[in-house]
Amino acid sequence: MMMQEVIVRYIERPQLDHPLLIEGLPGVGNVGKLAAEHLVEELKLKKFAELFSKYLPPQVMVGDDGTIRLVRHELFYGRDIGKGMDIVVLAGDFQGLTPEGQYELANSAIGIAKDLGVDRIFTLGGYGVIKLMDEPGVLGAVTEPALRKDMEPLGVIFRRGEPSSGIIGASGILLGLGELEGIPGICLMGETSGYFVDPRSARSVLKVLAAYIGLELDYSKLDDKARQIDEITSRIKENIEDEVEEGKDDLRYFG
Amino acid sequence: MMMQEVIVRYIERPQLDHPLLIEGLPGVGNVGKLAAEHLVEELKLKKFAELFSKYLPPQVMVGDDGTIRLVRHELFYGRDIGKGMDIVVLAGDFQGLTPEGQYELANSAIGIAKDLGVDRIFTLGGYGVIKLMDEPGVLGAVTEPALRKDMEPLGVIFRRGEPSSGIIGASGILLGLGELEGIPGICLMGETSGYFVDPRSARSVLKVLAAYIGLELDYSKLDDKARQIDEITSRIKENIEDEVEEGKDDLRYFG
Amino acid sequence: MMMQEVIVRYIERPQLDHPLLIEGLPGVGNVGKLAAEHLVEELKLKKFAELFSKYLPPQVMVGDDGTIRLVRHELFYGRDIGKGMDIVVLAGDFQGLTPEGQYELANSAIGIAKDLGVDRIFTLGGYGVIKLMDEPGVLGAVTEPALRKDMEPLGVIFRRGEPSSGIIGASGILLGLGELEGIPGICLMGETSGYFVDPRSARSVLKVLAAYIGLELDYSKLDDKARQIDEITSRIKENIEDEVEEGKDDLRYFG
Amino acid sequence: MMMQEVIVRYIERPQLDHPLLIEGLPGVGNVGKLAAEHLVEELKLKKFAELFSKYLPPQVMVGDDGTIRLVRHELFYGRDIGKGMDIVVLAGDFQGLTPEGQYELANSAIGIAKDLGVDRIFTLGGYGVIKLMDEPGVLGAVTEPALRKDMEPLGVIFRRGEPSSGIIGASGILLGLGELEGIPGICLMGETSGYFVDPRSARSVLKVLAAYIGLELDYSKLDDKARQIDEITSRIKENIEDEVEEGKDDLRYFG
């Protein structure tokens, strides 16, 4: 018998009040994934479903204790968040491997969202820019022009014709397929160099989302991660400079 | 649940009288796409259906106002065009990504064409040639020999064994699958260098189609686009020559 | 609606008496395709079915008269051939594009073969060897050891463990899937350099098959083709030698 | 009609008592395949099912006697093995060609396992390490922490966060999909250089498994294979050294 496109394993079937769906999967700078995971951790959201699929890699992850877990997407929920919103967070190990897989996984998530009564979708991701910043900006895209008015007061930037190549992957088609089902949505893209995982960009994106939800978030864990990345990158930088320096010495020696 | 191969969203279900189906999707020199879009704009055709598919890229386009649209194919119609024909135009953002996707999308379009009573198909595209021309020729291919008699008086060229590799993509298989359903069809291929989008080649193709339909078309917008492309290409050319010239100077300086 | 894996268009539904199925599709040296097409032409076999598939290239071929034909597989039949056998020939433009497509197309052909009462399958192909020969040998492989006794007296070679990588593509899996349905089969592989289409190798393969069927075949058309290929290859060879010769002159001039 | 994802041909439908499923398919160093095949041969296990699939290569293997066999997976069983266990072994020619195929084949095997009442799964494979060893270690991963207690006394190594990239392919997802069906499992990975097929690593893996089952196994055939590989590799090594040596001579000659 053919395997289902997406296998949904429910842990619980929560009743929610017009929840917000927030997606954060791996991508540029892992901005969306970092943001979604931070949200799950800080708000102590409850996992209610796991999605497995033949469109994800045929792979299990091995944890520190030697236990394996099949790669998956996970759905979490929280009630009465911020100024009283219910939210659902979609996180996971990988995006779909093929275009067809991307559509099947997004289609499955939208089906679940409809069942839960979701009436707005936020997709979170990174937007590659040349220059690194301490407080990365957040670019927006919306399914209907009216939604810009909700986002612009929160500092979201709408730059004419950007991203010029559109939005590729889960953050794009979740909004596209959502719109086909009558669910409006917003994509928040944190500016990032894209060279490293970027917790600062994730923080910028979360600040917009938190302001929208009326939520006070503690970003110290993201800040810790940012400092760790800084240390690694500056160590790499030093090594390169040392090598260049040594190279100079060598040249002098021979010069 | 598995996502449908092609999702058709109807805006309207027009009753048409033996309409002509005209296809123009992206391809060599974007000739077909330019021609189809010009037709839609000039004849103020009405959109009646949108096609979404997991065989298109998992991508949304972002408009100048920051609103997104899932990539799609679109169907337009017009009544009583030229000497009194009903027409249907198929345009879109992308062709199917895989061979299987190409077939599924074409199969879906042919299904709709049958429902609408389409009894002739024109597919529009570009044909790569070495030499650039001001009035590109239009090469033809037909599903049955008798159709050549309709096309040759309009200046369509039939060159023995060309295109030698056949016709690949939507313009080919729409005719092939149409023929399986008993709908005859014609492919019009405008000669083009294929290096740039080619509005002049689109104009050549449209002139043949307009003559067939008995239609007066205004080509000024295509001509404007052609001039814009000319400017860009001549600027590129100048830059290259300037660099060569500067290079000469440098050489002289050292010579 | 999803397109069928393989669309079968019947022209006729012949009643046949335990026919032999003979497959010859494009492959190494095009040996199988040349052999199958020669058989169809010489025996004036009748086409009774055409197979179209989303696993073939999304492409139409353009004939000398400018008419297009969707790429396809074709089935032909002949009654009372040689010492009184009914035969069915499977020919076509391409093999399936993907492994999955190969299986689907072969599965479809085997389904038709079962309906027709086929009780033996011959698949024809090329076998790449280093040395070119005037009378290429024919290597065999069989679904059951007893079939070797039918083939060895006809000069078919069984070399221990060859082909060492097995048989890839239609000629292999038609036998494999046939065997699952209880239809025994034989693969005949004509030795060929594989650099050019090889009518001599096709002739060798057909000679074995003709002897098995008790059939007198005229090979003059294949011999003509072989001479044409010889001319082309010797012209290429001369050009290369001329260039080498000219190169020598140049060297002498400078020497 | 579409071909089934996986075609199961049953030779026999054995009644087994809570059997152990042991998987060994081709992979790094072919460790799993060598181990599974050794087990089948030494314990004279009985084949009871063959699996064919469009997700395996479209290929037949040719045996020494010129007979072909479609590539496949095979299932064997044995009763009352070691201290009284029933076991099922899954072996085969290839793993699934695509991620989707990997999932479909594993899904099919897990379905059969459930029907047979399997209540524990062992998957066998290789783990690439830099250094070659005479007695390669065996790394483990488990679906639930409690299983480590069964494995550690048998010498299985659990190294924090290894393999760092998880387990890719059949050995991983059989455990992952098994866990979804409530069947616990263990992956045993023999350390191997991965450059050659590695019978010594297969022996290490089998020793753990045999200890678990309470089974005395004769490893002489694996040891023979290991010596053959040693001879080949040392001959290759000598050739390289000879060439280097000759190179030195040449240099001296010219020096």
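Chains here go by letter, A, B, C and D, matching the order in which they are written, and residues are numbered from 1 within each.
Just so we're on the same page, a contact is a pair of C-beta atoms (placed from the backbone, for glycine too) under 8 Å apart; a residue touches a chain by one contact, two chains touch by 3 or more.
Given the structure is predicted, the values throughout are model-derived calculations rather than measurements.
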Furthest chain, CA centroid comparison against chain D: B
Rotation in the CA alignment of chain A with chain B, degrees, nearest 5: 90
Chain C and chain D, separation of their C-alpha mean positions in angstrom: 37
Inter-centroid spacing, chain C versus chain A (mean Cα positions, whole Å): 53
Touching two or more other chains - residues of chain B: none
Pairwise touch network: line, ring, star, complete, or other: ring
Touching chain combinations (by label order): A-B, A-D, B-C, C-D
Residue ranges of chain D touching chain A (in the complex, touch as defined): 4-5, 96, 99-100, 102-104, 106-108, 111, 140-145, 148, 158, 160-164, 166-170, 172-173, 175-177, 179-180, 187
Residues on chain C engaged by chain B in the complex (per definition of touch): 1-3, 7, 9, 52-71, 97
